[in-house]
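Every chain is named by a letter (A, B, C and D) in the order it is written, and numbering of its residues begins at 1.
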């Protein structure tokens, strides 16, 4: 898929996530890999309404976050996307959402350092998971505005937990990924569903 | 109705269920009987987004789950559909959803082996129920990836509970059915409504 | 407005209510007064999907519930509509919904015989209410399948509580009305909003 | 932007808020500044369905709330809008919503005189906030039907809390603003998201 097609599919994902309240107030950001070598990605420019995206709201950037195409500024979180693409060559898309239940759950589970999800059929929606008898770990990382430091933390966390399908920045939001946009979007839906189930049953304070 | 028309009506049901968050992450599957003798059904192929279905996402299969028409693979759960169609000749459609409240409730009620619903007007939306003074039993079956074993369990449960309108796989999802797609869809809506009512009032942990 | 126009406006109301989950599974019914003397109303026929109504799903009936126009059967609850129209000549529309929070709240408040709502700005959305310092009583009536008996109960309750804007059948649903469809629809929205607020804060069990 | 364009953007905001249940039952009101000197604004006329607005549902008024253009009556709350525009010359739009979680939270927090929100990434969606390590105060003002008195209270509260992005009328609703409609709408979404998070975790009674 070319830049334009990737932007279209990410825009549809944005529309659906906005409708469900997962990217309110221009929050969230979405990207897809355009080429692998050299690494080039398309990513939402900073500050746009994620429910009404079109091609003009996306940037094409290279591995240094230099803009190759498009108008606007890459958000500070672009670095987190690039970090993940560099580590995981098979990743074709990264999606980041902010949901009510994810926020609540990440806070409730932060003492454990992770959200642990076990025994649900919906886990089979995560790539490579073949049975509900699976324990999925979603590491919860302390939120920070120092995105360089955060990139390093994420790099370490992913290195130490190579099987995770996503990470959570506490009281901030979910990062998940997939081989393509469809798989990454599926992972968002699976995690948000499970976060709501766990939030409603275990995150009460 | 022919294959094409059944696919259209199942696609509309899928769109509505997706909008309500009952088939997120490509979860769920939907089928309708095309012919009774020999048994032939149309059923969603594995792995598609249930909110954006069209005819190309359905398979026509026979009683052995051999594909007669369409592209893609039948999901492992196709066997559960066939089991129910074989036992209940009057069933014209089977729908399977994964909802947050159903998941929570199936877990909370699993010790009893069933969700018991009693005294709600909405129960009259289930075929043959004429009064709110009715006790509806939704057997809760332990989830499994062994679909052959699961088919046998379901067969036994339905044989022992011939009046049920649906069964629940614990922490997985609801199977319900009806004489046609409209009735099966109505049953999904009635059960999901009642699961939310019961979940919000009794399933707190 | 003529029969056709009334059906159109009731269909739009149905679409919105369905979207919000207040008339799932073909539940609910909607009516509007066509003529005052003799009393003639249009009302949803029994058993249709309330999210996809058009003129063909409505009946025009007279004071005896005899069908003057349209196809299908009046639901048993038609009697409740006629009872209210007879008692309240200024009522132009009656709407009946089944919501999760209303169901929960009607149950929690049934010992008091009423839902009491006090001190909310949204109360000003009810016709004639000029301040949030108002106590709105929504009588909760025991549900029954004997609609003749229920009509008499409703008649008495409305006579004893002439200022109410709606009544609730326990574990069943809300009846509210207005001078026209817009006002009745506004009343549904106001009540359902307040039921959710009260349900979330006071109806926990 | 001219009157017509402002009305269009406010109508889109109304549609989205209605869809999310934040302006049910014709509640809420929306305005934007047309000219600064003399102060002229466009504002929703009283009593319309906020989910189906068009240009005909807006008034253009001057600093005395005299109608310069449009049909209908300014709502009593127009005075609150004018008070805020007079105090804050940089404000281009004011939006007012009634949500379930805001209502619940304003009640639970009224003893403190404010909703305090701290430590959430979503706070960065408020203009000028650069880090999640921020404490946002939303003053909770006692609701009143005396809008002259209420204007004075709001004037004092804003003078004493010049950095706030919004105020809450207890059991009534949120007023927030921005340099333009997009920013005000973003603030509504940010606050409503955070109210839900706080409501679900701390406002239980």
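Throughout what follows, a contact is a pair of C-beta atoms (placed from the backbone, for glycine too) under 8 Å apart; a residue touches a chain by one contact, two chains touch by 3 or more.
Quick caveat, the model's predicted, so the values are computed rather than measured.
Bringing chain C onto chain D by least-squares fit of CA atoms involves turning it by 90°, to the nearest 5. Look at where the CA atoms of chain A average out and do the same for chain B: the two points lie 31 Å apart. Once the centre of each chain is set as its mean CA position, chain A and chain C turn out to be 44 Å apart. Those residues of chain B in touch with two or more other chains are numbered 204.
Chain pairs recorded as touching, per the definition above, are A-B, A-D, B-C, C-D. On the side of chain C, the complex with chain D involves touching residues 16, 20, 119-122, 125, 130-133, 182, 186-187, 189-190, 192-193, 196-197, 200-202, 204.
Of all the residues in chain B, the ones that touch chain A in their complex are 21, 24-27, 49, 51, 98, 100, 103-104, 107, 143, 145, 169, 171-173, 199, 203-205.
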